[in-house]
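Each of the next two complexes has subunit A plus one other chain: subunit B in the first, subunit C in the second.
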Partner chain A sequence: MKNTTKAVLFRYLIALMVVLFMTFVLRNNLKNSQVNVFNTALIFFFCVAGQYVMLGLGGMLGMCSITFLGLGAFLCAYLNTRCAIPVIPSIILGTVASGLLALFLGLLLLKLDGPYFVFGTIGVVYIGTSIFQNFTAFTGGPNGISGIGKLSLLGYTFSTFKSWVPLLGTLVMLLLFLLYRIKNTSFGRGLMAVRDDETAAFSLGINVYRTKVIAFAVAGLLAGFGGGLYAVHNGTISASLFTFSTQTKFIIMLMLGGVMSPIGAFCGTILVNFLPEIARFADSYLNLLYGCMIIVLMIFMPMGLAGVQKELATRIRTASQKRIAAKKGA
Partner chain B sequence: MSCLKVEDLSISFGGLAAVQNITFEVQPGEIMGLIGPNGAGKTTTLNLISGLYKADKGKVFLADREVSALRSFERARLGLGRTFQTPHFLKRSTVSDNLKLGTDLADQMGYVKSLLGFKGTDFKHEVDELLEIADFTVRWNDDIDSLSYGQQKRLEIIRSMLTHPKVMLIDEPAAGLNPNELEKAVDLMRHAASKGIGIVLIEHKMDMIMNVCDRIAVLNFGNMIAYGTPKEISSNEDVIVAYLGRD
Partner chain C sequence: MALFFQQTLTGLSVGLVYATVAMGLMLLLRAAGVMNFAQGNLLAMGAYVGYALIEKLNLSSMALAILLSVLLFVFVGCIFCGVCVLPFKRAKWPQAMLICTLGAGTVINELCLLLVTTETKALRPIIPGALTVGGFVIQYQYFFIFGAMILMMGGLYFLFEKTYCGCILSAASQNKYAADLLGIPTNLTIVITFCIVVCMTGVSGWLLAPIYYVSPSLSTFQARAFASIVIGGFGNLQGAVVGGVIVGLVEAYSSYFTTTYKDVVVFGCLLLMLVIRPTGILKSEQRKEKA
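Up next, the complex of A and B:
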């Protein structure tokens, strides 16, 4: 058996074990409220994954994933509750709408560079928040939308938070595979070229603008899908979630785990979502904690947990190589 | 049929005429030197040919196809390879990713096919052959920064060759290389020329230019003051006064 096939099988095995661990160990040992937090983290990872594609691979700090998450969630909820469209088509339509909005905004905003692009995307968040809060006919205004139908697959209804764990775990593992796959395609390499050196990208035949727009649309699709899942998982949504504050938390999740590592981003998402649970004693000071975390991260571990892990692995490997060389010398 | 033809190429930055009415042709397999003092407009000329700068006037033809209106990545896709004075690599990626960018351009598979798992051409044999000429080995998963400057310069030429270009624009390949590395860089260029690739070479090392090039164009203050074989150039009075000197 070829080494690459073995490696792929090994990855599938690990993924299966993670899903089984989530299903049989985590699910049974967490309180219902904690399972809700865990599921929310898994859903938010779709948004963070989009940020990884944009920032980690493409070097673009897009700040409006929360708007695509909101559009996916509200459209799914609206179609299901007001138009009686079943849950799965509602999620799909919400996802497609978010992807198309991202494509349109990407075509518009990616004409801008650096900070101008970032400010443009911040503008999108404020427009989105305003629409979600005030466009009552579509979003339910401050009351939001409730009574969203439950998800049924092959005759099984996902009626409790705990029943969602295996499904979300599997979807997240598939997403991780997709992210690693993207990194090793011409699209991923094109994005990395755009991130590191646009002149090199041009000279290697990469259409920089098109590549950026595709990455932006992919991030929109992923966030929109996460939004649909969020709406159906919770059964109710309100505009208070889809604000700039939540968007900054997505960035913290990505930066904490490691901006250039999908698995790091996943760990960061879980950690940040569980922070309010872990730091209950400091409930009123959570924002203070987030702020300090950002500063400490930027100074001491700009590549996040994944960067620390890589650094440690390199040091251990170097030390071991030195030891072997010393033994040979002796 | 020439693989590169430049007609009347000009550009000004503000009031400064950086390149004025440059005209030359490069045949397949030919190495053409582009020399001149600092600020003569050599790199600007390469930037105009590769589309990084938009010319005020003039035309660029790639194998008889006019590419003047095309953007730089479109010219690259039609077979215009490029290296730079300072190597341009993905600094936070591996050797493998950097070389695959070259093979991606040669394959021109498209993002969707690549995402769906379609395999591109296997370039391993070609890479091995080129690395042997360049006289160093690489570990695919090493960070690009782990390579020495000399290795990076040669690897950039290799990456450009992996794109299977019709023409390569090579900017100061000898800068920062020791004599052994320089010899290997020359071997790479001669190998490229033997495959029918036309080369435009900017270099300050005159012995290298005189040994390697079939023809030479000399620029001074943005104007082409001479164009001919190395022998003709070395005895050209204007060139001696402007660039070579009498020693």
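Up next, the complex of A and C:
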């Protein structure tokens, strides 16, 4: 018992160190625009985390996280600028609305299985994009919404991108803990059972439909929260972000990092978002490079970076075990 | 009334294009088990190839241009298949193939932009001008699209129902294991299916180019093709045709009451269909679960 508390404390310590490290390194070494990219990556991780719950744990390829992100962002922006509601309540309201929409769509779409579900969610993405771009009264149409208020917490106002880093870092670390925690709850285990075999899960007394709907709603909640953060962080949003191509990018982030591991997904998110910065030399060939990279990665390591790491770890372990066995034999 | 006819005819021809793209998706899904997210990019590639051959190389004879383009499409089909399907025969995670097609779509799109043109261009129609009867105006290109799509579907039907080669193709897609036992080279059938699909999609893209311009945004046709698959009935080819035509007509008629929310109407229909009758209008073939 004491051992576990120690391990938990150790993990918290590591997370704290990572956040502090990020804060100081970024503050001193990166330009403002690069910090912006980093923060955006951290915010997108909320969406990717939702995808992880759906695809990695639940095995359902939901394509409409971007719509929940958009709803969270636009509702937060709308409430803040037009209804003069403070920032934090409007983020919460946006999150709740996204969660409710996700719950409703989940109840509707999860009666379908396999490809039908995927097509349904794709349809939702296109409807969302169309509404975000054309419903001027709510989203400001092509101009978007600007002039969203700054977040202030405990008397401290987050005015620059750099001041956001510790906050977002802490939130992401909390999210990572939450994801690992979800994996070990009865809900998470039920979800994984559903992923592996629905019939077997059903025979073991898991309510398949309800488990899936909850997973979908959780993904919607996370994405909505990310959307609210995105709106407040940037201070301005436009509808051009919330399209199907961004959604495919989320899926790629998840698959690149490793669909089964939250840390891997986190690394994938950072990597994909920083690619334009790293590969600046590629210039107009950047997207070509990106496409080729995806293909090569999927062919040679379909489980992503985390899969590679796992494989290497097992290989090293077996090698060392062999060595020990050989020593004992000798 | 003239407007109604005009909408119907444009809806029908665009719907037939959706149907062709949807049939391509369906063939790939049945033959190789891959949900091809690069189908829209292949459609756009057709338009780019047409533009490159006619406007850039100034090929005088149409026959030569068509021959060259078909060769190119077959080449692309082989490469696409080699990259996106064959390496995944033993993959544990089926979504990897899907992500791979996404990557391939990006590559195709970028190659088109880099090699052909980065600007949005208009391609000369085969016969310029429009037919005018009373208030009824319709470009000649729509008739070409209509005719070519009907021809292609007829050809596909003939191939799959009447010829030996088509029998082999459908046998391999229906039960891969049994086909292997009978000595059918299943890898080869997958490659051939890919070539056929890329040719169909590419030609449709070329024919669309004079109306919708040569631009990467042609790839949005893919989402409509997904919608038509579901509306028509998942898993059978007739369903794809019916669904495609319905989607085209719905889109055309929706311009009576809205111009900006066409997407909402079309995909709203999709969601409605999924809720009311998930099997589609023609009943879909149930894909067998893993044994």
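The rule we apply is simple: the second predicted complex is superposed on the first by the 327 of 330 C-alpha atoms of A that agree within 3 Å, B and C clash if a C-alpha of one lies under 4 Å from a C-alpha of the other, contacts with A are read in each partner's own complex, and residues count from 1 in each chain.
As a convention for this text, a residue touches a chain if its C-beta (ideal position, glycine included) is under 8 Å from a C-beta of that chain, and two chains touch if they have at least 3 such contacts.
The structure presented is a predicted model; accordingly, all values stated were derived computationally and were not measured.
Visitor: Should A:320 be classified as contacting the first partner (subunit B), the second (subunit C), both, or neither?
Guide: In the superposed model, A:320 contacts neither subunit B nor subunit C.
Visitor: Could you look at A:159 and tell me whether it touches subunit B, subunit C, both or neither (first, second, both, neither)?
Guide: Touch partners of A:159: none, neither subunit B nor subunit C.
Visitor: For the overlaid complexes, name the partner, subunit B or subunit C, with more touching residues on subunit A.
Guide: In the superposed model, C touches more residues of subunit A.
Visitor: Just to be sure I read the superposition right, which of the two partners does A:207 touch: subunit B = first, subunit C = second, or both, or neither?
Guide: So A:207 only meets subunit B here.
Visitor: Touch check for A:112: first (subunit B), second (subunit C), both, or neither?
Guide: second
Visitor: Figure out whether A:134 sits in contact with subunit B (first) or subunit C (second), or with both, or with neither.
Guide: second
Visitor: Once the structures are superposed on A, label A:240 by its partner contacts, choosing first (subunit B), second (subunit C), both or neither.
Guide: neither
Visitor: Just to be sure I read the superposition right, which of the two partners does A:146 touch: subunit B = first, subunit C = second, or both, or neither?
Guide: Neither partner.
Visitor: Considering each complex separately, which residues of subunit A are in contact with subunit B in the first and with subunit C in the second?
Guide: Correct list for subunit A: none, the interfaces share no residue.
Visitor: Which bits of subunit B are touching subunit A when the two form their complex?
Guide: 50-52, 71-74, 76-77, 81-82, 84, 88-93, 97, 100-102, 104-105, 107-111, 114-115, 117, 120, 159, 163
Visitor: Under the stated contact criterion, what part of subunit C meets subunit A in this complex?
Guide: 29, 35, 37, 83-84, 87-88, 91-93, 95-100, 102-107, 109-111, 114, 223, 226-227, 229-230, 234, 260-264, 266-268, 270-271, 274-275, 278, 287
Visitor: Give the list of subunit A residues in touch with subunit B in this complex.
Guide: Contact set of subunit A toward subunit B: 181-182, 185-187, 189-190, 192-193, 195-197, 199-208, 211, 214, 260.
Visitor: How about subunit A: which of its residues touch subunit C in the complex?
Guide: On the subunit A side, the touching residues are 55, 61, 108-109, 111-112, 114-116, 118-120, 122-124, 126-127, 129-131, 133-134, 244, 248, 251-252, 255, 259, 284-285, 287-288, 290-295, 298-299, 302-303.
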